[in-house]
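For reference, the structure discussed in these notes is given below.
As written, the chains take the letters A, B, C and D, and residue 1 is the first residue of each chain.
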Amino acid sequence: MTPKNQNNPSTLSIRNLTIEYQAKRGAVQAVRSIDLEIYRSEALALIGESGSGKTTIGLGIVRLLPSTAKIRTGEMIFRRYNKTDYKLEEEFDVLKLNEREMRQFRWKECAMVFQAALNAFNPVLKIKDQFGDTARAHGYLQGEALKKRAYELFDLVRLDPERVWNSYPHELSGGMRQRVLIALGLLLDPPMLILDEPTTALDILTQRNIMDVLKELRDKLRFSLVFISHDLSLAAELADRIATVYAGRIVELGNVYDTFQNPRHPYTIGLMSAVPTLTTHRDNVSSIPGSPPDLIDMPTGCKFHPRCPLAVEKCVREEPALVPTTGPDHLAACWRWMEAKQFLMPNVK
Amino acid sequence: MSENSKTKPWSERILKNYAVQTIFKKIFIIWVVVTLSFLIVRGLPGNPVEIMVLNLMDSQGISEDEARTRAASLLRLDLDAPLYVQYFDFLGNLVQGDLGESYVLARGKPVTEIVFQRLPWTLFSVGTSLLISFTVGMFLGMLAAYRRGSMLDQVLTNLSAMIGAVPNTLWAIILVLLLGVVWKIMPLNLMRGSLSPGIKPGFTLEFFVDLFKHWAVPGTVYVLTTLGGWMLAMRSSTVSVLGDDYVTVARARGLPDFRIITAYVGRNASLPLVTALAISIGFLLGGSTVIEFIFVYQGVGLLMSQAITKRDYPVMQGILLVTTITVIISTAIADLLYGWLDPRIRTSGGENAE
Amino acid sequence: MTPPLIELKHLTRRFQVKRNLSITAVSDVSLSISAGEIVCLVGESGCGKTTTGKMIAGLLKPSEGEILFNGQDISHLKKDEWEKYRLGVQMIHQDPYASLNPSHTIYDIVSAPLKAHRKTGSDAATRAAAIELLESVDLTPASDFLDKFPHQLSGGQRQRVSVARALTVNPKFIIADEAVSMVDVSIRISLLNTLLKLKEKNGLAVLFITHDLALAKYFAWDGRVGVMYLGKLVEVAPARQLVEAPQHPYTKVLLSAIPEADPERTRHKERIELRSMDVPSLLRLPSGCAFHPRCPYFAGEKCEKVIPQLTFFNDDSAVACHPVAEKRLLQIRN
Amino acid sequence: METISHKLGAIWRETLKTLKLIARNKIGLLGFVMLIGLILMSYLGPLVIAPEVRADVSQIYKPPSWEHPLGTDFQGRENWVMLVHGGAEVITVAFLAGLLTTMIAVVVGAFSAFLGGKADEVIMTFTDLWLALPRGILLIVTAYFVSLEDVWALALFLSFFGWPSLARQVRSQFLSLKKREYVEAAQLLNLGTPHIVFREMMPNMMSYILIALIESMTGAIYSQTYLVFLGLVPFGNNWGVLFSLAYAKNAIYNPNAMASLLVPMGGIVALQLSLIMFSRSLEEIFNPRLRTGV
């Protein structure tokens, strides 16, 4: 089920990406020299709390950061493969594209479905016109052919095509709009799809529906999915790999089963025990002490050390790098990853 | 539920209809203005009718009784009847389109005729200027919003606010001074009147060129005094739309900038301005009085100031009424325009509220 | 037997949407809460849980039905008694960024009710009381916070200030409306634990309004959970029992839809499919049981025609569903 | 007693803070200084400088020179003396009209928002009606019939026509503030209506009201100018009257007379500009996003 990383080439290689926001008090270090591979047709979840930098990574990939943000360093190598024989067709650095090339890259190579899908559509244009706009911008199908393609997609996301096609956004419910947006995201058959908190504002049943749609789509269409959320359970259900983000860095990265069974970073462990589930016993739930760091004036060494029960003197002094732990595919940025689980989750096997 | 609504009496259903309600509202406004204008002539303590009688005696050398009869016929009222009878007579005449006759400005000429003769000139000058300042203001406002915080934005917003703050009277004089007296760019007679002598209205090039030449300076005053308001309104509206999610999503979809600026940002940002447009028409028509006075532009504004100085009450009443109707018609057009631009208004009868 | 602290009897609230169009946001809700008890109200957005909370807090007047406080109908209270009731029921709002006045310091916020109700005499006493209150909600050291403005605090800290403000008037009952949903996940639990601690210490009853069943189970571990759907209370039961053995089809569907933070379990969880995804509009509620067009256990005409009443069973749980009620009554009889 | 001094203290603190903030914006500071300058000139100047009463036929329409720093008018009076004496009336009318307009608007808007229901509906229908009238023409027609003989009458008259759109805005502001959760919390804590209105709502409304006040003032100056020009406001020797007299006496075609047009005009323009500049900086100061960023 999980694609093997070794023989699965990457769609996007992010290297040493650093993004800062300009604020009055100083530079907000939103993303700090991140390295990340996004493999072909895998689902990668970026999890972390608000302000951890996960959304900034997403926006950085499609270069839609607000004007106060600056990409300081890094490269993002995007690889496009032939859809039938998976041969590498093209390879380029997203950060080096000019405005026109960037416009073509967006949505065609990488579509991003945003957090607040409720307002993702222009309120004065019909859904069909917004599909038309997108298609025209990329020299894609028009007229009846476009309609046929859109109807297929609406079927995929379990919407009534007849009703949706001729509607204005305000005539659709939140869950429907979210699914229309997913359908629109798939219009150009992009090799990569980024979903930023795609179900946050939605009801549980609608959320379930969208999760099911997403799982189905992924099995059918095999695109790379980057899934940004603060909700561990969504990641558990949808992702192949999980990257935990804290204070602008990836602190743990690994296969979803491995991460949930053998978490290596105290922050991941903290998150897991901070969110009660239907089955956990009350006594196994505990919050992480302290509060997320100030991204302008960050602590020294490991940024998690003020909240970490395992912190030692070294953690205050030196920031650990993201290194392999139990296997080459399970990485963590913690000096004490070996003891973490044993100390923090003593009553879990 | 649906059967229930079917069994409701048709009269009730019509009264609940949105369009019918709107029309009633508009008729009500006209009625308020009509009553007001009646009260002004008949009900105010200054007793304008007595002044009118004195005026007639004075100018035409007739006896008081004759003057009273004359005034009554000009106003189409029986001055001796109880006030409410006069009021209903007045309303009755009005419904037949009879606003009485002018007695000073154009003796014996029906007021309707005089006002309608002047109205096209004002509508042309005010309308053209409004169109220009609205379009240019929207354009500059969007420009400033896109470049917000930049030097250009600073200059545009500060400058336009300041230009708009100078009263139109002053602008009119400043322009006459600068163009006609100091720089001598424009002959003063071109700034006076609405057409050069000898040019007849018609579909000739000569006429249109002259029309615009005479419009140029008063038109500039209208534009200068209103442009800033449009610009600032469009700027703030655009800034808020630019922060909306659908604009970011449109960029993520790789849409060309032009399409985003027009159909996504422009159309949504201009929505609140359409309502403001409706309100501004009422003010501009009023503002035309002083501008037309300065430029001797032959429109209703000038007629108004003449009627005021000459105390021609029927004409004053007529102008008040006709401008009210004009304003109401333009607001109705703006309402329609708004509905056409914003589908959420159009389908508000639906039950999609979540 | 002493009457429950708060008792809702057939509480209904309608809102006028347009001139002759109204929606029933809360319909015929009956529920009682004893002193020191925790009750969670769970449901999706628009199900009427917040409206219910606001009616209890006295911010909205019920259209029908009554709210009893210690056995007395609050709409018949005299002015001073009403004020006493008002102070006895406090509310913690959802949005920590909107619930504190941005132009006041934390001291201003906490001291205003203390001064208004003459709880403390001198300024020094007020200050001491404010410090004590802030410390009771785990804002330590309190003196660090007194002179700060809300915008200098994190979301979690602000919510603690909200709790401290509510405590100034010694309430008997606190309504927490989605009080932790906008707070960072890592500190939600500690905020809830503070509330639990206060409940133990001051004997507070808490009505916790949330859309998160897992959180409801955690918080109301020894209390009860009520599930609302389209303005109606469809099931009430002790928290753990409700999650582990749900009765009402809607509760079952909800529980089966919630993803779990365990890839193994969540991917193999049994899902109950709804008959329809569309949530009916409150403007056009389905006849009979409001859930029947979507209900996977739909059982024919009765569900379509007759509105099911909330029926209590001897295990302290209640459910508003025809098939379930019939089955359980049968079981009880046998 | 204690609460009054407390309130005064709060107002004083707020004022000091505002003054400091004004100084941060250059344009606003310039506007503020200009405004103070104009006020000082117009109210203190007449105490020091005797008014021009003589009419000197030999000195009619003299251009500016050492002898006549700002030239003379159609009666040979010194323009600079007229400038000093002509400001008070304009500023008083602007201030009174602005204050009255804002007061009416705040009272109407706040009442409408607080009462809600039927009362709100009636008040707002009336306001909309007012908005739909061609107020420009109505202003002129009624100004003719109503005798505007002093500053109070004029100010009252202008505010009578100026309040509706502001009232609408105040209402929606109040409605949104009323729904703020901290206001709801204050209700729950039974802090009393005075506390809720003056301590919870007003501080967050003040900035808005202040800016509206300045906007109403500039609006009043604007309307005042053209009513004076049309000869509908017959009193006084203020800037507006001076300027329209100069216009009526053909100053526009006489290059030597230009000063008597430009000087009162300059007074009005400077007043308008100072207000506008000042208000633009107020907007910036009170912008919540900029404020919380402090």
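Note that a residue touches a chain if its C-beta (ideal position, glycine included) is under 8 Å from a C-beta of that chain, and two chains touch if they have at least 3 such contacts.
All figures in this text were calculated on a predicted structure; none of them were measured in a lab.
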item: Required steps from chain A to chain B (each step between touching chains, minimum); value: 1
item: Chain whose average C-alpha position is farthest from chain D's own; value: A
item: Gap in Å, rounded to a whole number, between the CA centres of chain D and chain A; value: 54
item: Centre distance in Å when chain A and chain C are each reduced to the mean of their C-alpha atoms; value: 33
item: Chain B and chain D, separation of their C-alpha mean positions in angstrom; value: 25
item: Inter-centroid spacing, chain D versus chain C (mean Cα positions, whole Å); value: 50
item: Chain A, residues touching no fewer than two other chains; value: 173
item: Residues on chain C engaged by chain A in the complex (per definition of touch); value: 44-45, 154, 156-157, 184-191, 193, 211, 213-215, 217-218, 221, 243, 253-255, 257-267, 271, 274, 277-279
item: Chain A - residues contacting chain B, complex; value: 62, 64, 103-108, 111-112, 114, 116-126, 133-134, 137-138, 168, 170-171, 173-174, 181, 184
item: Residues on chain C engaged by chain D in the complex (per definition of touch); value: 57-59, 83, 86-87, 89-91, 93-95, 98-104, 112-113, 116-117, 151, 162, 165-166, 168-169
item: Chain B residues within the chain A interface of the complex; value: 244-246, 248-256, 259, 263-264, 267-268, 271, 341-344, 347, 350, 352, 354
item: Contacting residues of chain D [partner chain C, same complex]; value: 180-182, 184-192, 195, 199-200, 203-204, 288, 292
